[in-house]
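Here it is: the structure, laid out below.
Chain nomenclature is as follows: A, B, C and D, assigned in order of appearance, with residue numbering initiated at 1 for each chain independently.
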Amino acid sequence: MDTGQAVDGPTEKCGVVGVSFRDRDAARPLYYSLYALQHRGQESAGIVTHDGFQQHSHVGMGLVGDAFSETDLAELNGQTGIGHVRYPTAGSVDSSCAQPFSVSFKSGSLGLSHNGNLVNADEIREELAGMGHAFTSDGDTEVIAHDLATNLLNEDLVRAVKHTMNRIHGSYSLAISHDDTVLGLRDPEGNRPLCIGKLDEGYMIASESAAIDTLDGELVRDVRPGELVVLSPGGFDSYQLVEREHTAHCFFEHVYFARPDSVIDDNLVYEVRRELGRQLWEENGIDTDVVMPVPDSGRAFASGYAEASEGVEFAEGLMKNRYVGRTFIMPTQDERERAVRLKLNPIRSTVEGKSVTLIDDSIVRGTTSNQLVSLLREAGATEVHMRIGAPPITAPCYMGINMATREELIAAGQSVEDVREEIGADSLAYLSIDAIAAALGEKHDDLCLGCVTGNYPYEIDGEDTDREVERPQIDDRGLPADD
Amino acid sequence: MDTGQAVDGPTEKCGVVGVSFRDRDAARPLYYSLYALQHRGQESAGIVTHDGFQQHSHVGMGLVGDAFSETDLAELNGQTGIGHVRYPTAGSVDSSCAQPFSVSFKSGSLGLSHNGNLVNADEIREELAGMGHAFTSDGDTEVIAHDLATNLLNEDLVRAVKHTMNRIHGSYSLAISHDDTVLGLRDPEGNRPLCIGKLDEGYMIASESAAIDTLDGELVRDVRPGELVVLSPGGFDSYQLVEREHTAHCFFEHVYFARPDSVIDDNLVYEVRRELGRQLWEENGIDTDVVMPVPDSGRAFASGYAEASEGVEFAEGLMKNRYVGRTFIMPTQDERERAVRLKLNPIRSTVEGKSVTLIDDSIVRGTTSNQLVSLLREAGATEVHMRIGAPPITAPCYMGINMATREELIAAGQSVEDVREEIGADSLAYLSIDAIAAALGEKHDDLCLGCVTGNYPYEIDGEDTDREVERPQIDDRGLPADD
Amino acid sequence: MDTGQAVDGPTEKCGVVGVSFRDRDAARPLYYSLYALQHRGQESAGIVTHDGFQQHSHVGMGLVGDAFSETDLAELNGQTGIGHVRYPTAGSVDSSCAQPFSVSFKSGSLGLSHNGNLVNADEIREELAGMGHAFTSDGDTEVIAHDLATNLLNEDLVRAVKHTMNRIHGSYSLAISHDDTVLGLRDPEGNRPLCIGKLDEGYMIASESAAIDTLDGELVRDVRPGELVVLSPGGFDSYQLVEREHTAHCFFEHVYFARPDSVIDDNLVYEVRRELGRQLWEENGIDTDVVMPVPDSGRAFASGYAEASEGVEFAEGLMKNRYVGRTFIMPTQDERERAVRLKLNPIRSTVEGKSVTLIDDSIVRGTTSNQLVSLLREAGATEVHMRIGAPPITAPCYMGINMATREELIAAGQSVEDVREEIGADSLAYLSIDAIAAALGEKHDDLCLGCVTGNYPYEIDGEDTDREVERPQIDDRGLPADD
Amino acid sequence: MDTGQAVDGPTEKCGVVGVSFRDRDAARPLYYSLYALQHRGQESAGIVTHDGFQQHSHVGMGLVGDAFSETDLAELNGQTGIGHVRYPTAGSVDSSCAQPFSVSFKSGSLGLSHNGNLVNADEIREELAGMGHAFTSDGDTEVIAHDLATNLLNEDLVRAVKHTMNRIHGSYSLAISHDDTVLGLRDPEGNRPLCIGKLDEGYMIASESAAIDTLDGELVRDVRPGELVVLSPGGFDSYQLVEREHTAHCFFEHVYFARPDSVIDDNLVYEVRRELGRQLWEENGIDTDVVMPVPDSGRAFASGYAEASEGVEFAEGLMKNRYVGRTFIMPTQDERERAVRLKLNPIRSTVEGKSVTLIDDSIVRGTTSNQLVSLLREAGATEVHMRIGAPPITAPCYMGINMATREELIAAGQSVEDVREEIGADSLAYLSIDAIAAALGEKHDDLCLGCVTGNYPYEIDGEDTDREVERPQIDDRGLPADD
């Protein structure tokens, strides 16, 4: 699967970060850490800082490099702050939903960077609207901000967060700034990643540990599901606000979204992918002349696969053109086919006259897979077998990933054989759910497997769940959480 | 005074417009009417429309021509809508304060375009914050929006507007969209202009009648102070929500801001300026070889002055370069002096060897006046007399005009003779307040003369007022206005 | 006629400037002087400087303000240089024809800024091509550059220029840089303007004296027809290279193109226009309630007309919107009519119930005139009479003005009565050629009247000429001019 | 070495392409093929087409995607044309040198796309200047254009090209359009690559075969050293204009510049690199825990090295951030060090506690190598050994590669041990020249090895050559080449 030009791929909706420094400005470190998280959102980027007196905010459209000028950074004063990169949901590509979302209210100012998706945002919005709240966007981040601001009228910060946490349901990893205090909050099921880092003169939270590396910091640990961490330049306080029996970690972060060099929930993504590649060989290995990755996403899988095979040669067979980007003028219909070659060109010598195993991390719509199989055949492959480092995706994601609708998913309602025929491969095999769980060292019950089982760990209208979800009671505003 | 490149001039903060059509899209008419109001705000432009189901919004930075693309207009569906052009207050040139301000809340969506300035916005904001409201900007328009949204929870539209009107204090001309209903509201003192127009297939409100002309419409009348008008494609309903003994019309709209071709409170601006020019001759005429305007602002005054003099020749003596604009690279210090010639160049033949009367509408900081007197002397004028179509400006404006601080005003705390000496003219005379009132056909008590008397028709912290201002009681939320 | 948004108006093709300083950088003065000449060309702007060792060049598209950044100016080193603003001829709006045109050749570097049009460029180009010359553009400026470079192989600078001058035929005012020497050259008929200015630490040449004013300089005199001036920081050398019995000054510069504050061939443009206005009254005055200009072009004419009438009131009756510019989104067909009101809006009080004389400088296509007459009638004018400050334009310009084709000219092949009917006026009168000549103090034979007589002072294929034109012999390359 | 953000790497100056179609427009295929060659030049891109009547040209700054709009492509009419991507030489980043260079001259129009560098351009320029030619740029492409245009005055196309070829000395692969004829020309030593492709309805030439793949075409063969090919839609004519005993192929194309999926002089680049990796093991293999590439340039080498080692584990140990691009705001001095981590982040698990061999294709300045060694040590590597897939670079390139000056080259005048110490590796080994020659199947005498031996196959002022170079006689213009 291809992140660069995701015709066919899912897109993560967001990356978040927060820092708290002593004697060091926050803006530039935040800027560099957003570069490290750029793969998690490419439609807008923003930073909110606080200088002890007031909040500063800049949000720009496009990549981090386009969203900020030197002047923008210079005006973001203060030693604490949060940042955000964002992929838009359908239909809202304008700047009104770009984050961090910042508001001022009775007891100060709030900034929110959100990764994830609430499933009960509408209910809470309605309740708040009933109290007279007016909303400038239709995003769930504004709902969290208003809810938190309302709680802060009568409660201290930790109690207010807990109160809000008892009301919202869904997936969320949040970097929050309340004046010059920076908080990290992860939903009770720990669906999206969030980790804590120690820096030279401060502490940080980030969606992925690679952002910590970028600032030359040290990964302390993941934020725990249901945990609130309150950063200070010298450390962080931890509040385990909610505890659940099971987690609902998104396995797809490991398979596809996260950077290979990030450590998520104690697993290095690169190693997980290599191990999944090895499992792929164990479960469905096939002895072809050569095994090659779909660049760049299949590379770690293919390397593990080749290693486990103890004999199948690993080779790069597809050359990726990294220059095809946003400003590309699309080919006309009859040139469309040719344009696949512009993005991925077969290296003939690795392919010609050979049986080939092609490794990718996943298949979503199937269009690209089909084109790649054709490309390889045209380049002279005698056989083309596909091996996929994840189970078939058969259901949509409601937890913050922009994947596809059920209608668009090639594996929804089709057998593996149907899919194989549609993409034109000689054979096709997916990885099992067991292999995924084993590689992550987690039980099935601690993973969110909704997109491959159709059974979700959250209560979602029109979808199944086996879990006894503790759905929050929205009408509990008047009653402070019993703590 | 020079609007194009206001080094020295006051800037109006806003222009507003609203339309309600039958079978005709609102976006393009709104776009063209914003062009007609461009002189009232050049930092951002925005349009909000409603298509019967949902609200559409686009706000862009810069001039109207830069703020909208064809695509932007095409996406602004619906037959009703409002628009806004804006001059920023100090320190907030970014897009977060650009208008119309749009929110959704319990009973629908609201869009607000605001011209004016509240003097008690902070109080209301604090009260609303105490109820849990969170604010995304520090502007007073958001305060009005939240207040109105809160009232609409329990009240119908007209009562809710009246309720808000009883709480806010200051100057405001508002174009409001509540779903697909468009309202016009003018503060009880009628400080800023607002008028009603009849169009081919609908009705409109606008800051100035020139916007109505632009759409080939017909000026119906001004919105009355304290009046709410509710537009429909076939007409409008009027609600006189508040009535006051005295108005507080801004005389400066006539002297400086408004377009000459606009009719404001029953007076054509061009005619008012000609009459002021005539009065200027009557009060302080001086028999020089020639009278010339500072282009373009002094032209109508100078033409009236010349006419009344029955003998002093009217001539253009200063040529204005219209290309000096935003992207101009400023000269270095030693070139600065030369650069005045770039903007205004004397026409030598009209000046050389002649005694000259130079007419301008007002003097704010005095810098430009000083430069112009020098320019004319260098071009060979034997005498340079200045005549100003307004009284000396000695106090700041709190009602929505970005004029200057007291320290910057050349006439604050100085005699006319002091000012004359500073600008280097042979003589200097201002127009009297009586002449202004006479030209407008209004009593002193019905004008806002704060900037020339220091005595305001509103209760402003640290400033004087002779008026018995009916300052609203903010704590009246629980008590529906007695109506 | 309207220069700002020339829907209907002719466009000057170019403005040129050159400076030679001692101890002062040329770039910024050139930049400011291009601002002063911006009305002569708005499609591209460029500057070439020379620092004693090498030539520096920057050419950008659009207005001067868009074409140069601070960095661009900083890199244009040197104390001598030339500049150019340009209107493109049809079909070549890209940057390849933008000027100054700069080349390096055997004996140094050349920069050329050209205003005018050669009528024998193709012949010379062909001859040079026959010698192996290759051309990067199809402009006549490159032809002059190559011809001059070829002559400079064997001749000193003055002889080489004279040699080229004996070969090219047509209108040209040139600012030329040959390494760090700056030259001004005007064609033997003096068709386009060019003047000499004295500055603080140097000398300059410019298309119009307003550019000299802008740099706080002093107009020395016009460059004479057929004269070459070689600037130095301390003065200039004059070479009268060619002398002709008659000049062919373009009268249209005075009527339309030039700035009112410029002095061209000893006449202040503003005074010429006022005088033409007076003549217009003498020849065809009509006693209406009011006389009003088409802004801004008709203003000086109308003021002279009103003065001469000793009774007809001068008033502004049309308000111009200066914000309608390049990025304007054109109205749909049915809104087109409305959009005229966006650009020019009648001031009703000056018009309603009155007989009106409307003054413009010229009529080209007639479209705008027609719309204005309608506008005034709709605004309540009882009669609308048009008076034009030039004779009917019946033939195209070949000398460097982008006017219109014969087919587009409303007066070509039509009587004045036909034109009157087409534009819908109650009466229409033009100014006579005699009046033009008288106002300029020139004989008919010393003016280029091609566009109003169809008889040209140059030999043009397919057009008439009464003049015994000394058409150059192109094949005289081997024979140095006899001097 | 890193092409994306070449802080430390050489840059190829150009990529060229030309197509000749029947019944198919050339512009879009040229556009897509420039995308395929984007790695060869990222500063400007241009296309020249010919529609049978006239030449069309568009050149823009930046990447291909930025240089062309849909409109630009639509205006490039015609079924034949050439294209160019370009890296600027120092000091000329503006558009004046961007290519293709296009001129019109006596017998038509010429477009030239040039990859390479002439060593006698100044001599020819001087000679042509002596004949009166004027040059708009200081590039050698314009020199070739003028020379060719001059020859075409008296000679047919093939003779004229041969004549020019006998006069110019250096490296050049040229795509030339002469009206609607497209030519490919490669210098007698075949220094830069150029190949011929067969397309659906035409033929093409391109710097690399990947461009042919992109258009779904078929590689026919390389253009031979000294060969001129004249394309037509149905085939091509070949003229072997010059023949030399030895070629001077640039080995660095294979090591670094060219795409892995291109075939150059009969060798697939990917296979060459894998073979060089194998040789690297044979010559200087070291038995570490793991071997890892510098991404992306070292990947093929490392994979061959690992394979040959039969035991050293291949792993990705450095993660590259592809988003760090042109608009990146550089870190302050004290953040600089941290920023390396932004571009390349170690994957700790592959590195920690392990001895590591790091493979790169070459070392130029050595800065990046030093940083990478440090990074790996910080990530826990016990030993870091560097192996380089090319000999030490000790001398500059004069043949069209923007490499570095002698002073900047870390290996110039230093022993391998010196370099090792400077970059801080535990051991360092380069590949031998013999291995390079073997992998390419060429003799030393048929390669250009100037940058690694200081001995050049061309006569260059101040540099050594062992070859009996047939330096052209420039003064032979009058004498048609004896053919």
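Here is the rule we use: contacts are C-beta pairs under 8 Å (C-beta built on N, C-alpha and C of every residue); 3 or more make two chains touch, one makes a residue touch a chain.
None of these values were measured; they are calculated from a predicted model.
Novice: Is the C-beta contact count larger for A-B or for B-C?
Specialist: B-C
Novice: For subunit A versus subunit C, what separation do you get between their C-alpha means, in angstrom?
Specialist: Each chain's C-alpha centroid was found; their separation is 62 Å.
Novice: In whole angstrom, what separates the CA-based centres of subunit A and subunit B?
Specialist: Here the centre of subunit B sits 49 Å away from the centre of subunit A.
Novice: Where the centres are mean C-alpha positions, what is the separation of subunit B from subunit C, in Å?
Specialist: Centre separation, subunit B to subunit C: 38 Å.
Novice: Mind pulling the residue numbers of subunit A that touch at least two other chains?
Specialist: As it turns out, subunit A has no residue touching two or more other chains.
Novice: Between the chains shown, work out who touches whom and classify the graph as line, ring, star, complete or other.
Specialist: Chain contacts: single closed ring, each chain with exactly two partners.
Novice: What's the complete list of touching chain pairs for this entry?
Specialist: All touching pairs, sorted by chain label, are A-B, A-D, B-C, C-D.
Novice: Using the touch rule from the top, collect the residues of subunit C that touch subunit B in their complex.
Specialist: Residues 4, 28, 31-32, 35-36, 38-39, 63-66, 68-70, 73, 210, 213-216, 259-261, 263, 268, 270-271, 299-300, 303, 307, 313-316, 319, 321-329, 331-332, 335, 337-339, 341-342, 345-350.
Novice: In their complex, what parts of subunit D are in touch with subunit C?
Specialist: Touching subunit C: residues 57-58, 94-96, 101-106, 110, 126, 129-136, 138, 145-146, 149-150, 153 of subunit D.
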